[in-house]
Amino acid sequence: MKQNKVAVYRKEHFNAAHRLHNHAWSDEKNATVFGSCNNKNFHGHNYELIVKVTGEPNPDTGYVLDLKVLSALIKKEILDQFDHKNLNLDTVYFQQVNPTAENIAKVIYQLLRDKLDEQLELKIFLYETERNYVEYPA
Amino acid sequence: MKQNKVAVYRKEHFNAAHRLHNHAWSDEKNATVFGSCNNKNFHGHNYELIVKVTGEPNPDTGYVLDLKVLSALIKKEILDQFDHKNLNLDTVYFQQVNPTAENIAKVIYQLLRDKLDEQLELKIFLYETERNYVEYPA
Amino acid sequence: MKQNKVAVYRKEHFNAAHRLHNHAWSDEKNATVFGSCNNKNFHGHNYELIVKVTGEPNPDTGYVLDLKVLSALIKKEILDQFDHKNLNLDTVYFQQVNPTAENIAKVIYQLLRDKLDEQLELKIFLYETERNYVEYPA
Amino acid sequence: MKQNKVAVYRKEHFNAAHRLHNHAWSDEKNATVFGSCNNKNFHGHNYELIVKVTGEPNPDTGYVLDLKVLSALIKKEILDQFDHKNLNLDTVYFQQVNPTAENIAKVIYQLLRDKLDEQLELKIFLYETERNYVEYPA
Amino acid sequence: MKQNKVAVYRKEHFNAAHRLHNHAWSDEKNATVFGSCNNKNFHGHNYELIVKVTGEPNPDTGYVLDLKVLSALIKKEILDQFDHKNLNLDTVYFQQVNPTAENIAKVIYQLLRDKLDEQLELKIFLYETERNYVEYPA
Amino acid sequence: MKQNKVAVYRKEHFNAAHRLHNHAWSDEKNATVFGSCNNKNFHGHNYELIVKVTGEPNPDTGYVLDLKVLSALIKKEILDQFDHKNLNLDTVYFQQVNPTAENIAKVIYQLLRDKLDEQLELKIFLYETERNYVEYPA
């Protein structure tokens, strides 16, 4: 077996406000299902974002992808849109979509997937708190 | 020298939204001074709160203060008011006072100071992010 | 390819005493194989438990599984039995089975597997110390 | 003002079992006061120990104290007695003294104080869990 | 389905100097591609190394592999060669191979693979910083 | 008592190579005293730097010092000189002075002290590894 693939990980973070809410539901149902996460005035998190990129290292550089390049890409595509923002009000992605960690991870995946070489595999880990986090795709 | 005092620490956390804003200033000045922290739609943090209590251990229990008791006190006095809340809109403390980490720490100090035995010394550490935190009193 | 699955993780912890011991062996052999972990008076750990659940998010909530629900399930099925306990003496699971991290993880897996929807995949990570941990199933 | 003093810190850890118990009390009172920490079959922790030594750096080495030397001292005086042990049963220090974090820190302080140069100041931080810790002297 | 495999992880660390450099390139090209990582006088890292070994637990011990044995193996095969060393100058592995995290992980993999039972699977995680890390094989 | 002072902390990091060496000593004595830290080809660290600034918050901003300003100051005065450098060869500070953590902390203190308002108190914490760190002034 020839094992050439290596995964590289870059960790970034952003601070954002959000609330969980399903517009198709009554306020009562939202409060019941989402509890304090449904607070109408929002709450917030220090999101820790880990981006995993898998591929074959370039034989000249020894890099799968220069992590400075990946960090700059995450900054441009994700942090500039999400950091110090209200995810529900300040971004276009969560007008209809509920900003659960699951859904935020999927949005981040799609934004980065569009900018990465097809031959590179991509995975997103998103920590909402140190104790609650998600992985996409699983 | 007789050294009898021991400090005990309890770490708790809460998630909250806030914005930095001085109501006496113009929007322009607020934006200039506070930058993205002034975002009118709020942003948020996972605040890590460390409460330090110093005193002489009780000779019968060996405790300065039972940390389960301290944890319950922090929950009742602080977390129930601040967790999953908007600090500017959902609490009475930051209507006029700017919710910087410095000011949040002072409010937490006062709320706990009022409930603790006078012979116990109190100090608050508040982490806004892993890289930015404050201590009061210093 | 349609990628719908997301993994969600919940981290909990419990403190327990244990000793490693194979009842079929002599005391000498146990001491040789398990060293200080075989101490007859027990030693202990702050176990960090990470439960990973993989599935398709519910389109209405955006949740694979509400992590408050998962946390409550872990508390009821695992922590209430294991926290502040002696794993060898106070639980039914390690009367004959040696409470290595590997075996504890398998017991936790089975206890939670029985309570989770069949369509959800389950994986357990158990940290005995920050530097020693296990994953089941691998 | 001439500021010559520097503090150096060394972090070590040990795993131990213990139970909280006051021999002068009834079992009922012990259970009421100490709760699950009083479990007669013991529970345990990964204790994180941070030793702080303050003094003037040696002008030839630039060291207050070589941290390899401090680490070896902690290993010999503390870890060899406490690691993978039952603090109540396997050590001489907690036969009468309740092994709360406060009391363990005081015992560690005394054991190290006796071995360190008088001109060096000593302070002990002991983490029972990531969220509960103590400092002595305070 | 019979799920017998468990993965065990051991975390170790080493401190080393390195520089990124492709000997086939001009100094200018090296500086352009590797930036400050190409500094001719070297820079350094606290590398965190996590070794994952997957297999079926031994029914007598409950261990996939005794982590004390794995720790000793890592010490002998890796740390004794890499810790407090200059990876470019003091080891034989990076005379021609650029010591990127990707390439260091592959070297560590091969060194450990040769010493482990064939039935055990092996994976290496190497943290160059808390925010930049790699996994091999991916 | 009027308690007005608050301490604010900012954590930054830099990666550097160094070796411990006293030029007034023989190679043998250096090797004996500093061991592997004396390796002539250098080794390296991810230094974690925590800068603590204590003062009275500005009543208009609620800040002791804007941590973005402090972060920029640390970047300009410290990181630009130390990050991805060889402390012995690439900086002017450790030509004669041994780059122990103690001495690096003192140099950082002086560089920042010169740029900060006199009314602000300053303290430096420098982590050479997670387990070895120093504080100046103590």
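Letters A, B, C, D, E and F mark the chains as written, and numbering starts fresh at 1 in each.
Methods note: a residue touches a chain if its C-beta (ideal position, glycine included) is under 8 Å from a C-beta of that chain, and two chains touch if they have at least 3 such contacts.
Keep in mind that what you see is a predicted model, and the values were worked out from it rather than measured.
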- Message: For chain B and chain C, which third chains touch each of them?
- Response: A, D
- Interface composition of copies chain B and chain F: same or different, split at half: different
- Going by residue numbers, if over half of the contact pairs line up, that's a repeat, so tell me which of B-F, A-C or C-D repeats E-F. C-D
- Cα centroid separation, chain B vs chain D, in Å, comes to 28
- Mind checking the centre-to-centre distance between chain D and chain E? Centres are C-alpha means, answer in whole Å. 34
- Message: Averaging over Cα atoms per chain, report the distance between chain B and chain E in Å.
- Response: 41
- Message: Which positions in chain A are in touch with at least two other chains?
- Response: 130
- Message: Once you draw an edge for every pair of touching chains, what topology comes out, line, ring, star, complete or other?
- Response: other
- Note on the structure: Checked against the stated definition, the touching pairs are A-B, A-C, A-E, B-D, B-F, C-D, C-E, D-F, E-F
- Message: Give the list of chain A residues in touch with chain B in this complex.
- Response: 13, 15-18, 36-37, 39, 41-46, 83-86, 89-90, 129-130
- Query: Where on chain F is chain B touching in the complex?
  - Reply: 3, 5-12, 52, 54, 57, 60-64, 66-68
- Residues of chain F touching chain D in the complex: 20, 22, 24-25, 33-35, 97-103, 105-106, 130-138
